[in-house]
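What follows is subunit A paired twice: with subunit B in the first complex and subunit C in the second.
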Partner chain A sequence: MERMILYPGCLVLSRFHEYELASRQILSKLGIEALDMEEFCCCGSSLVSGVRDDWINLPAYSLARAERLGMDIITLCGSCTNVFLRANFYLEKDPSLLERANSRLERLDLGYAGTTTVRHIVEILVDRVDEIRESVVSPLNFNVALSHPCQIMRPSEILPEQDTLSFQAMRGIVSALGAEVVDYPAETDCCGSTILLFDRAMALKVGKRKLESAIEGGAEMISVCCGNCLLLLDRYQSQMELKNGGRRMPLISLPQLIGLALGFPQDEMGVFRH
Partner chain B sequence: MRIEIPKECDQCMKCVDCCIITQMDGYSIASELNELSGDGAWNCANCWRCIEVCPRAVDIFGFMIQRRKDEEIPELIRRGIDGIFRKGFWFGDSQFNEVRGLFGLPAVRFLGREKVALLMADEGEGS
Partner chain C sequence: MSQNEPVIPKENSFLAEIVQASGETLQVCYQCQKCSAGCPLGDAMDLLPNQVLRHIQYDHREKVLGSKTIWICASCYTCSVRCPNDIDIARIMDTLRHMAIRSGITPGEKDIPVFHSVFLDEIKSRGRIHELSLILKFKSKTRDFLKDTGIGWKMFRLGKIRLLPSTFSGGKEIKEIFNSFEKGKNR
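On to the complex of A and B.
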């Protein structure tokens, strides 16, 4: 069994237990043993853009922990993924920055050489899409719209050279489950969740536009693969006054959706939460 | 102090046009680059679409960092920083591991205040 470090991130660890649980079960089904970070620390994604100059020490810590074990990190959130990729990019480009980060890591008896690979769970799943397709026992007869973890694909300058992720990745996985993937104009727009930190009213407007675009496209549910998308589009949906005849738009994480198609019982996939 | 618009930027508005905030009639960091507003330093969804569409490879990320240093840190981020320095976790949830246990999820051990302090610069020094 392949072993990797699962880094759900603060938001998923504390708010989206069903997403984390389903991720662990699907990874296990695919032959991946998901180990936990021995001493968890926030990736610092909200500190990157002008909040603290020493933000890089936070992702460097987790990267160093994984490097010591010789394992890749699997992430469940677009923001965590982005900050880990950004940290690796800067630390490789600037040896003096790596030296400074290591001077801090040494205090924790750690060091980082820059070798840890970080992979969002979509990347793990799309690499195994044929195995997933072959394991489907209950093909999904739904129209599913997708909200992609956009921060794992932009900006291209920080992505690894061999990175091949695209907005087609989730489409391919969901199609393999038998579901119809709905086209809708706002599909590749960011959900806007991060805006909640500065302007809740604006975040709600952006999220509402995305959800209503999916509704107009004929979606019966939306599948996501990011804690931030879940936060805004699911937990804040009741504040959006959607034009949907008073009905909620159900949100489900991609690992949960896979679990349903692969025959996991609904309660084990936490579907009751939606 | 006024932050100068990067010299590479010719204010073509492509970043404004693709921004989900300006599309909803708000001001964002793209608005600031194009001198449409001085009130958009924090307004960014971190989707980085503006960076992808910029024809002149303007360092929009760097511009945003410089602009934000002139502004107050929003309250929710301030609280998150407090959480990180308290134990290495963004939130201040009580009964965190008890709730995880109800879902059959493993308890999480955090890095903790003392080790976070060793990892980060001293308060004030790092911001």
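On to the complex of A and C.
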């Protein structure tokens, strides 16, 4: 069994247990043992890199910890993935930056050589899409709109060369489950969640635009793969006053959706916690 | 000089500063406005992303560092992906925020810089974000307590709010990483 570290990130850790638990179950079904790393720190999100030019030391700390354990990291949230990918990219490109980061880590008896690979769960799943397709026991017969974890593939310079992270990744997985994937104009838009905590009105406006576009496209539910999307589009949906007669647009994370198609019981997949 | 080589910015100019700090050759921007057309938050900005780049090219330091735009940017990187000249515009926004904080220019947005600093303090104190105390600290600084109480209660009932923070043994180490920076050592 392949062993990897599951890095839930602060947001998923404290708010979306169902996403984390479903991910663990799906990963173990696919032969990956998802281990915890006790000493991980907050990645800093896109917020710390906005105020401190030494933001890179936060991701460097967690990366160094993972390197010591000799395992790669699986992330669940778009922001964490983005921060780690950028950190790895800049540290590799600029040896003096790596040296500076290491001089801090040294005081903590740590060091980072730059070998920890970070992959978002979508990337892990898309590599095993055939296995998933073969294990489907109850095909999903409804229309699913996708909200992609936008930050995992941006900016383009940090993308690894293999193109498993194109916007088609989630699409391939969801259609392998038997569901119809709905196209809608706002599909690749950012959901707006990163601004939620400090400018709620603006975030709700951006989220509403996205949800209404999905509703117009004929979606019966939206599948997401990021804690930030879950936070805004699911938890704050009641404040958006959607133009669909007051019905709720169900949101579900990709691992939960896979779990349902693979025949895991609904309560084990935490579908009632949304 | 090859035809494709970017203009070398004038020494000591605002443009040169940004190019140096961000590592992005933003002088090659030819104002196609693809960044702004794709920006999900464009309608809330006082300067559109392409205008920010233009103002930097013209050395309008106060205008750019005092704008709302640099704080409104959600770092979704849509602009960076759309740019035909491979300028990572979101990274430039980060650089502008660092400069704005250091410059002492009054920020165009009041609450957002406060949130950033509260977020950072929260990481410094435990190494991880505890959302409840993050929100409480932010609200006590912006004096706005009641806006989220309804939804807060709903989330609490669904088990979406942790009362106690998750901690780990390395929490103190994170403080060390930041403190050494603040004391000016090993920058």
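Basically, the second predicted complex is superposed on the first by the 265 of 274 C-alpha atoms of A that agree within 3 Å, B and C clash if a C-alpha of one lies under 4 Å from a C-alpha of the other, contacts with A are read in each partner's own complex, and residues count from 1 in each chain.
The rule is simple: a contact is a pair of C-beta atoms (placed from the backbone, for glycine too) under 8 Å apart; a residue touches a chain by one contact, two chains touch by 3 or more.
This is a predicted model, so every value here is computed, not measured.
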Using the overlay on subunit A, decide if subunit B and subunit C clash or can fit next to each other. clash
Using the touch definition from the top, say if A:239 reaches subunit B (first), subunit C (second), both or neither. second
What is the contact status of A:36 with respect to subunit B (first) and subunit C (second): first, second, both, or neither? first
Now for A:155: first (subunit B), second (subunit C), both, or neither, which partner does it touch? both
Of the two partner chains, subunit B (first) and subunit C (second), which one does A:21 touch, if any: first, second, both, or neither? first
Go through the superposed model and pick first if A:47 touches only subunit B, second if only subunit C, both, or neither. both
Scan A:103 for contacts with subunit B and subunit C and give back first, second, both or neither. second
Between subunit B and subunit C, whom does A:206 touch in the aligned arrangement: first, second, both, or neither? both
Is A:76 touching anything from subunit B or subunit C once the two structures are fitted on A? First, second, both or neither. neither
Subunit B and subunit C footprints on subunit A, overlapping residues: 10-11, 13-14, 17, 38-42, 44, 46-47, 49-54, 57-58, 61, 82, 104, 107-108, 150-151, 154-157, 189-190, 192-195, 197-199, 202, 206, 209
Please give the residue numbers of subunit C that touch subunit A in the complex, ascending. 21, 40-41, 44, 72, 74-78, 80-81, 86, 88, 90-91, 93-94, 97-98, 101, 111-117, 119-120, 123, 127-131, 134-135, 138, 147-148, 151, 154-155, 158-162, 166, 168-171, 173-174, 176-178, 180-181, 186-187
Which residues of subunit A touch subunit C in the complex? 10-11, 13-17, 38-42, 44-54, 57-58, 61, 65, 82, 100, 103-104, 107-108, 150-151, 153-157, 188-190, 192-195, 197-200, 202, 206, 209, 235-236, 238-239, 273
Which residues of subunit B touch subunit A in the complex? 20-21, 24, 26, 41-49, 51-52, 61, 64-69, 73-74, 76-77, 80-81, 83-84, 88-91, 93, 96, 99-100, 103-106, 108-112, 115-116, 118-121, 125-127
Contacts from subunit A onto subunit B in the complex sit at residues 10-11, 13-14, 17-18, 20-21, 24, 36, 38-42, 44, 46-47, 49-54, 57-58, 61, 79, 82, 104-105, 107-108, 150-151, 154-157, 189-199, 202, 205-206, 209, 270
